[in-house]
Amino acid sequence: MSATLAPTARVSPDAQIGAGTTVGEYAVIGAGAKIGAGCAIGHGVVVHADTSVGDGVRVDDHAVLGKTPMRSLSSATTQEKQLAPLTIGDGCLIGTGAVLYRGATLGRRVLVADLATVREDVTVGDRTIVGRGVTVENQCTIGRFVKLESECYITAYSTIEDRVFIAPGVVTSNDNFVGRTEERFKHFKGVTVQRGGRVGAGSVILPGVTIGADALVAAGSVVTRDVPPRVIVLGAPARIFRDVPKEQLLDQQGWSDQV
Amino acid sequence: MSATLAPTARVSPDAQIGAGTTVGEYAVIGAGAKIGAGCAIGHGVVVHADTSVGDGVRVDDHAVLGKTPMRSLSSATTQEKQLAPLTIGDGCLIGTGAVLYRGATLGRRVLVADLATVREDVTVGDRTIVGRGVTVENQCTIGRFVKLESECYITAYSTIEDRVFIAPGVVTSNDNFVGRTEERFKHFKGVTVQRGGRVGAGSVILPGVTIGADALVAAGSVVTRDVPPRVIVLGAPARIFRDVPKEQLLDQQGWSDQV
Amino acid sequence: MSATLAPTARVSPDAQIGAGTTVGEYAVIGAGAKIGAGCAIGHGVVVHADTSVGDGVRVDDHAVLGKTPMRSLSSATTQEKQLAPLTIGDGCLIGTGAVLYRGATLGRRVLVADLATVREDVTVGDRTIVGRGVTVENQCTIGRFVKLESECYITAYSTIEDRVFIAPGVVTSNDNFVGRTEERFKHFKGVTVQRGGRVGAGSVILPGVTIGADALVAAGSVVTRDVPPRVIVLGAPARIFRDVPKEQLLDQQGWSDQV
């Protein structure tokens, strides 16, 4: 069983495409790209040079895989260097118009929904969902079984541990100096959400804040300080309200870590 | 007057395209798709199988019509089933890069702006505006003459009645259990905004909340409880401030319901 | 040194393309478009008629340049008129899937990141960054060296002066009547952020508000009234907290205005 390429697909002669994979109309697959077996590559998809895609991956129309960062002269965080090729694990789903950068690594069965962006120097763990329109900026570590819900924003230099839940519209930030002073470059720090932490819809998390394991930030909060494990905080600025109910704790869910 | 297809458009032999319709370069039109008369289909547009487009519809570059949902193993709300083809009524405008799913139905003269998403099992009424970058998740009912302004987020299982106005950046949510407990599956509930209700910029609406007819949520509020008809609420949590001024009530506008 | 066109690029016979410019697969370049020297135009890019692109510009995959506005019958702010062609200055970077409208003008070395939109009747000054997913609505003036960070929303009829910093997820608004009364058409007013003003992550700015020079709005605030120069405001509604620290003032940064 060989690959099925649409007549208009432009595939570099030295790209590799696995058995049973289909490639849509007007797709472009660059030099040195490797696409596994049993994949479905949509119409107008662009796979840039050297990108590695596992088996059984679905990539929807117009997604762009392996984009090289655009270096602005006035950006504070993008550095010049060589980036490893984008790597996408087995069984991933990549949405329409999604943009994945060179230098990102996705585990197995990750879902990156429509119009989401994952930038360079990011790892995303197995079975994680990167929701519709989500941005994961550069230099982030995203764990396994994480849910980054639609339209949330993960700032550069953040760490999101396993089983974290970030609700729609959450905004994070990493610069307490808001773009001023040379000093700020020493202090850029994203947010950390520890294992099982949860952040409610539309909340804002300030630079450098750590949200403790299994803690819960109520919707619409502004989190200015670290949150201890297993408590609920709410308000602006967010304050401790009470403990997370026992039945909502991560170890009460009976969830398997099998990918 | 027959259709005008760009030389590079890929049109399935059993697709139907109406008189006077133009199809752009590198567009892909799938099997069984029906496109009406007098339409303008942009460059790189993808129309998936069976999609039905009315007369006089403008579809801008790179829009994707009739996408099949991507089923994640760990998503809570997507169910396996057969979806009816996407249906788009006469006179609609569909923006650049917009993504409309199989299983959605758009009435007449609906505007779906650039980079917006309308998912499966959604109906959108006549003359409604789905703004730039808006997400309407699955299982929503959106009325007629509604304005969903840029970048607002409509969670799954929501009902937005006629003449509702949702301002930019509004976030809604549907899970009070924030992703934990089996119990939560019984309680998933989006938001309801009754006829003529209005929600100000950047507000956050909690799961299951109903906003009464002609009520107004002030910008930046966090709405945790139901809002009675014809009152203004504000703050976090939102509390009643005063009545909506008479001259702003829906029945004072002299608006016609003609499509 | 002539231009290098991919074999599948569709270039209008009367488009002009400068020396050393490369054009990707499945790009479409319309009648009367002028592209300068040393540019890199990605795959699937659409350049609509008459668009003018300077020298040394990078345009990433699937970007759409020179889109004509979609006129909705029920939009309050879009007017019928002739728009000048889109103009993009030397050294700009235009991201994947970005949408730039006819009637917009970009200065030199502007970065428009992935999936951002700049609408008609907008000017963007030299060296400004329009971040990922940002919307700049119609009728806005954006100064030089401005940073509009990821996912912020700039409402129609706004003025953003030089060296302003708008953090991620900021939402602005322009209609105090929230879509009701004929009266409102006389009062539509966006926001003004004066030279060096800064707005923190996730803040909401109400219609017509002016944020003074070098003032700072703390993250998560709701700004309902004008903010004086050089003060920090915070909260909902935002109130004056203290002066901006001297070391964060614009004239203390030693920044050059050289483009």
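Every chain is named by a letter (A, B and C) in the order it is written, and numbering of its residues begins at 1.
The definition used in the following text is that contacts are C-beta pairs under 8 Å (C-beta built on N, C-alpha and C of every residue); 3 or more make two chains touch, one makes a residue touch a chain.
This is a predicted model, so every value here is computed, not measured.
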Specify, for the interface formed by the sequence copies chain A and chain C, whether it is same or different in terms of residue numbers shared by both sides, with half as the dividing line. different
Angle of the C-alpha superposing rotation, chain B to chain C, to the nearest 5 degrees: 120
Chain-centre distance (mean CA atoms) for chain A and chain C, in whole Å, is 25
Residues in chain C with touches to at least two other chains are numbered 8, 26, 44, 62, 97, 115, 133, 151, 169, 202, 236
Hey, which residues of chain B end up touching chain C in the complex? 8, 24-26, 42-44, 58, 60-62, 93, 95-97, 109, 111, 113-115, 127, 129, 132-133, 145, 147, 150-151, 165, 167-169, 198, 200-202, 216, 219-220, 235-236, 247-250, 252-253
Which positions of chain C touch chain B when the two form their complex? 8, 10, 26, 28, 44, 46, 62, 64, 67, 70-75, 97, 99, 115, 117, 133, 135, 137, 151, 153, 155, 169, 171-173, 177-181, 183, 202, 204, 206, 222, 236
